[in-house]
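Both of the next two complexes hold chain A, though its partner changes from chain B to chain C.
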Partner chain A sequence: MNVVSCQGVMKRYGRGNALRNLSFTLAENSITGLIGRNGAGKTTLLSIIAGLQKQTSGEVRVFSENPFNNLKVSANTIFIHGNMTFPAAMTLSELLQTAGSFYHNWNNQLAERLLEYFSLDPSQNHNNLSKGMKSTFNMIVGLAARCPLTIFDEPTSGMDAGVRKDFYRALLKDYIASPRTIILSSHLLNEVEDILEDILLIKEGEKCLHMTVEDMKEYAIGISGPAAAVESWIAEREIIHQQTAGVNGTYAVVRNVFSEEGLERARLQGLEMTPVSADSLCMYLTSKTKGGIDHVFS
Partner chain B sequence: MYLAEVKLSNIVKKQYSYKLKSYSSGFTSLIFIQMIAILFSFNGSSMMGGGSETFSYDVKYFTGSMILVFTMLWAFIVGILITTKAYRNDDYSFVTNQAASQYSNILFLLSACAFAGVTAFLSTHLFQLIAVFVLKDHSFMMQQLTVGEMLKGLCASYLYIFLLASIGYFAGMLIQFNRAFVFILPVVIFGLLILEGVVTGESTMLFKTGIFFGDETSFVLFAIKVIGVSSLFYAAASFLLRQMEVKA
Partner chain C sequence: MLLNLNSLTPIYIQIADWLENEILNASINVDEKIYSQYQLAEMFNINPATAAKGLNILADEQVLYKKRGLGMFVSSGAREIILEKRKNQKLSGMVKELAMEAVQLNVGEDELVTLIKDMHRKIKEDMK
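This part shows the complex of A and B:
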């Protein structure tokens, strides 16, 4: 069963389009990474899925229902994002208690243990926390709520390296303990790659790729070698990225549609074939111009 | 996959108790405002005096109206405050939808105003008591009220306070709907008052509004008027709320 399905979703803000004709489905009990550059429309998409905002056109279904302003979707979804606010007058332990009253599957023991592990003072107020600690607390709420659809939008912003690592580990462990559908948005794919099953890559509001992490690692291949040889090799192929490397050298990333023999022939021509990591691939796919930042300075 | 089925009434109840906890600072400010009102009330609301060559006298009236006015002002501000983004978005950190937010807001205002009405009533008595002690060298007269009259007074002040909260809630929602209303609202209200004064030579709008509520001799009719007008404001506010989205 699909937990989330989007058909031709468009969202307009003022004159610009934040989302354009986005269609995809997310299966039950999977961890999907929503990857995209700043301003690609990640938060907008997640807000629409969580029912906070309404799409301009297209159809969105969450648990087979229209999520906007839907109490059932709200009760079964938790959306953890950077602009989440909690009342200034309440302490962390009161907030956890309140969260427990709202969410059906709330695991209070987990929440309290995580609070203790990350040394957050339960009598502290949310407003007085630092940015990283706020993110940590929000993450705890997101995990302990154990909602069938759990959405984390840039959950690690502000967290230090140690907490980040712990968070991903906690997420994975809790996912195994109680499977659910998780969407995790991030612009740092290499950090989350290990825990993701699927990747949904969006660029300027449009779907770029949606596949498993395994497939993504095979999706493209990097070719480096003398410029002329590389050029002739990649001609008429789908070039994802190209840059100069060293003197007279070229590095190009193309779709991996080669057979074993094809690759062997390339090697004989003095070309070097390297796998392209999912992280680099996403970066190449979403780069604004082919030349990259070098182009600005040249 | 097991999905939790929720009832609107259940979520409204939870949102309501969440709001009572989270707005607790509003009650502190209420007590503070009423204390200031008590202080101001000692000035006496009106006075008269007279005398001749051999004696003189002063008559001062001390009423708790100032306390009620301050409390109404507080209710108006609380009404506006809970429509602001910071408060509105707090709801969405947990389970809610627009209806649940709206109903729990109304419930919250109803109970906050009840609390304000009772404390205003008590402050009035506190004030009168202090007045008796302070003015012990003077002679004083007090109006005796029956329990029925007292209750009626209490309910009437409650309704006035709630009316102001409803107006504040609607005004706040308008402003959230479009920032321009921060300027438009006062301009329209004061503009109309001035315009009426200029055109007809006398300004009766405010006066008539006061008469509409204040001159009602039947308590039941008064209650119906307040509840009717408040409901209109809430209906309009919920229409506005439906056009709004939550920004993450």
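This part shows the complex of A and C:
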């Protein structure tokens, strides 16, 4: 069953388009990573799915319903993001209690144990927390709510490396204990890719790729070697990325459509073939010009 | 074991290899239940779907068999299948490297075959 489905979704802000013609579906009980550059439209997309904003055109269905102003979607969805505000007069423990009254599956024991583990003072106010601690508290709310659709928008911003690692593990463990549909947007793909099932990559408001992490790791291949040899090998192929490497060397990334024999022949010509990580692939696919930052200085 | 996340080998293959080792060193015996995708996901901190992919490779190779609703179990021929597979992979890989080196050194096919035959004979004689 699909929990989220988007069909030709467009969102216009003023004159610019934040989202254009975006179509995809997300299956029930999976963890999807939403990846894209700054300004690609990740937060816009997530807030439309959560029902906080209305799309300009196109169709969005969450639990088979239109999410905007929808009680069923609100009750079954939690959207954790950096700009969450909580009543200033309430302490963290009061906030958890109140949040619990909103969500049917709320696990208070989990919330309290996480609060203690991350050394958050229950009598503290949310406003007084540091950026990383705010993110940690928001993450606890997101996990404990155990909503059938759980959305985390850049949940780890401000968290230190140790807390991030703990968060990913907590997310995976709680997902196994209580399967649900999770969307996680992040800039740190190499940190989260192991716990993800699918990756949805968007670029300038459009879908770029949507596939499993494992498929993405095999999607492209890196070829390096003497410039002339690499050039002849990649001629008439779809070049994803190209850069100079050392003296007279070239590194190119192309679609991985070669047979074992083809790769073998390339190796015999002195070319080196290397896998391209999902993180690097996403970066190459979403860069504006194929030359990258070097282009600015040339 | 820790997964090598930067390795050329995909994670689900590493999971399958690890499970094969568990069977070879008799940590899990014939007709015993193997770890579930969820146990593996938690042990290695990976998505359960990735773990399932590793298990399914072994099921396809008939190292494991499925019991509906109960999970996967080690099949009676598991050891032999794993040993046979590893032999084929390792040996053919070494032969490939040998052949590539021979091509680079301009060693002809007959010369290469003679070299292999001589070495094979010598090793057998030494072992007597």
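In this text, the second predicted complex is superposed on the first by the 298 of 298 C-alpha atoms of A that agree within 3 Å, B and C clash if a C-alpha of one lies under 4 Å from a C-alpha of the other, contacts with A are read in each partner's own complex, and residues count from 1 in each chain.
Criterion: a contact is a pair of C-beta atoms (placed from the backbone, for glycine too) under 8 Å apart; a residue touches a chain by one contact, two chains touch by 3 or more.
Since the structure is predicted, the reported quantities are computational estimates derived from the model, not experimental observations.
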Practice task
Considering only the touch criterion stated at the top, classify A:Ile31 as touching first (chain B), second (chain C), both, or neither.
Solution key: second
Handout entry: Touching partner for A:Val253 - first (chain B), second (chain C), both, neither
Key = neither
Practice task
Give one of first, second, both or neither to describe whether A:Ala40 is in contact with chain B, with chain C, with both, or with none.
Solution key: neither
Practice task
Pick one for A:Cys6: touches chain B only (first), chain C only (second), both, or neither.
Solution key: neither
Completion exercise
Larger residue footprint on chain A, choosing between chain B and chain C, goes to B
Practice task
Quick one: classify A:Phe102 as touching chain B (first), chain C (second), both or neither.
Solution key: first
Practice task
Using the superposition on chain A described above, determine whether A:Lys217 touches chain B (first), chain C (second), both, or neither.
Solution key: second
Problem - Partner chain(s) touched by A:Leu22 [first = chain B, second = chain C, both, neither] - result: neither
Handout entry: Contact footprint of chain B on chain A as seen in their complex
Key = 1, 3, 28-29, 43, 46-47, 50-54, 63, 69-72, 74-76, 79, 81-90, 94, 98-99, 101-105, 148, 153
Exercise for the section: Within their complex, state which residues of chain C touch chain A. Expected result: 5, 8, 10-12, 38, 41-42, 45-50, 53, 100, 103
Completion exercise
Note: in the complex, chain A contacts chain C through residues 30-31, 168-169, 172-173, 176, 194-197, 212-214, 217-218, 267-268, 275
Problem - Touching residues (chain side chain B, partner chain A) in the complex - result: 1-6, 8, 11, 14, 17-18, 21-25, 86-87, 89-90, 92-100, 245-248
